[in-house]
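In the two assemblies presented below, subunit A is common to both, partnered first by subunit B and then by subunit C.
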Partner chain A sequence: MNGVAVVMRKAPYGSVYTAEGFRTIVGIAVFELDISVLFVDDGVYALVRGQDPSQLSMKPLGDGFPTLTEFGVTKFFVHDQSLAERGLTLKDLVMDAEIVDSARIAQILETVGKVLPF
Partner chain B sequence: MLYTVNRSPLSASSLQSVLRIAPAGSPILLYEDGVYAAVPGASSAPLVRAALANHPIYALDADLQARGITTVLDQIQVVGYDGFVELVEQHQVAPWL
Partner chain C sequence: MKMGILVLEGPYQHQAADSAYHFVKAAQARGHQIVGIFLYTDAVNNANRFIDPPGERNIAKRFDDLAAQGIPVVACTACAKFRGLRPDLKTEHVRLSGLGSLAQYLRDADRFVTFGD
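Our next item is the complex of A and B:
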């Protein structure tokens, strides 16, 4: 199966990156690709619990990621340093994800080969 | 894996992020505003000098020229679009937008 790594590095709401990254994952999931989703730097903010952007007239972006499992997307990785330096732990996130270090992130990118940045 | 950086190191953390993810030996290509990391007098220079010990670093000539950057840190390899294409042919690419 062909693999793709989607790297999320931006905070939600401040730009279209998180929303577009999510849409892209849904879009490519139908092709039964082996998708790995990696949250690095401000990308980890996309998964924080309790997002309510109703006053911005936007939908909560974090809530979408756990639903991706219904599309067969099950590999979610969160960069440990990025999480720690934002004062967050796995408990603060909307879903269970594998916490990984920099070396493992690089290894996943290397193994998968195709990287889509958001 | 070739890591590419297109943001200035003085306004974004893309380069710092790449430097903690990319294993030693991974090449890094600076393009667009990323080429400001090649400037010797910039406050980012110590970071980039240290990175050069572990990574080959390339800067895209067209983007340097466009920004009036005529001198780059020693060891940074200036490449044209042909060099860019060669790097992309030789490596899979991780664009660190």
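Our next item is the complex of A and C:
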């Protein structure tokens, strides 16, 4: 199956990137693509528990990611250094994900070949 | 080699649309095939046929010309709706379609390149 890595790099509400990254995963998952989702840099904030952007008239993004398993998307990777630099741990996140270092991220991107950075 | 392209930024504000165009031209000049260009999020604005910059490069015309050559150039239907880009405002050869087209280009391409912020 064709591999695709979707990389979340940005904070969830400052731009549309994370929301559209999420929408892309939902949109392409049904077309027999083997999708890995990576969270790096400010992208790790997309997974933080208890997001409430209601004062921005926006919908919370974090709760959507655990539902991606219903679309057959099960590979989630979070960059360890990005988490640590922001004072976060796996317990702060809305879902279980594999915590990986930079070398492993590089290896995943190289193995998958096609990368969609959001 | 077969290449797919994703563009995530609109015209003039950001270099992404220009870079995508120049990349496609350079790839073609080297004999590569472009399987499709997907205009997503603000990039749908690169398909507005009323873009008319006095004395400057016309970014909408560039993408329309690529589409006229036979390269599939697709603007995301939902993104167009969000931005008021009605079908009658769209350049002639760019098509409106959904993320299925992006999935198709991802499958067809040997290499896939994203131009965004």
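By definition in this document, the second predicted complex is superposed on the first by the 118 of 118 C-alpha atoms of A that agree within 3 Å, B and C clash if a C-alpha of one lies under 4 Å from a C-alpha of the other, contacts with A are read in each partner's own complex, and residues count from 1 in each chain.
Here is the rule we use: a residue touches a chain if its C-beta (ideal position, glycine included) is under 8 Å from a C-beta of that chain, and two chains touch if they have at least 3 such contacts.
On a predicted model such as this, the values are computed, not experimentally measured, just so you know.
In the three-chain model built by superposing on subunit A, subunit B fits alongside subunit C with no clash. By the document's definition of touching, of the two partners only subunit B reaches A:41; subunit C does not.
By the touch criterion defined above, A:98 lies against neither subunit B nor subunit C after alignment on the C-alpha atoms of chain A. For the three-chain arrangement built by superposition, the Cα-centre angle with subunit A at its corner and subunit B and subunit C at its ends equals 60°, in steps of 10.
Of the two partner chains, subunit C is the only one that A:33 touches; subunit B does not reach it. Once the two complexes are overlaid on the shared chain, A:24 sits against subunit C while remaining clear of subunit B. In the superposition on chain A, A:115 makes contact with both subunit B and subunit C. Of the two partner chains placed by the overlay, only subunit C lies in contact with A:4; subunit B stays clear of it. In the superposed model, A:85 makes contact with neither subunit B nor subunit C. By the touch criterion stated above, A:63 is placed in contact with neither subunit B nor subunit C. This overlay, made by fitting chain A, leaves subunit B and subunit C with a least C-alpha separation of 5 Å. Where the contact sets of subunit A with subunit B and with subunit C meet, they give residues 17, 114-115, 117-118.
Contact residues on subunit B toward subunit A in their complex (touch as defined above): 1, 13, 17, 20-23, 26, 92-97. Those residues of subunit C that touch subunit A in the shared complex are 6, 8, 40-42, 78, 98-100, 102-104, 106-107, 109, 111-112, 114, 116-117. Contacts from subunit A toward subunit C in the complex involve residues 2, 4, 15-17, 20, 23-24, 27-28, 30-33, 114-118. Subunit A contributes residues 7, 9, 17, 40-41, 79, 81, 102-103, 105-106, 109-110, 113-115, 117-118 to its touches with subunit B in the complex.
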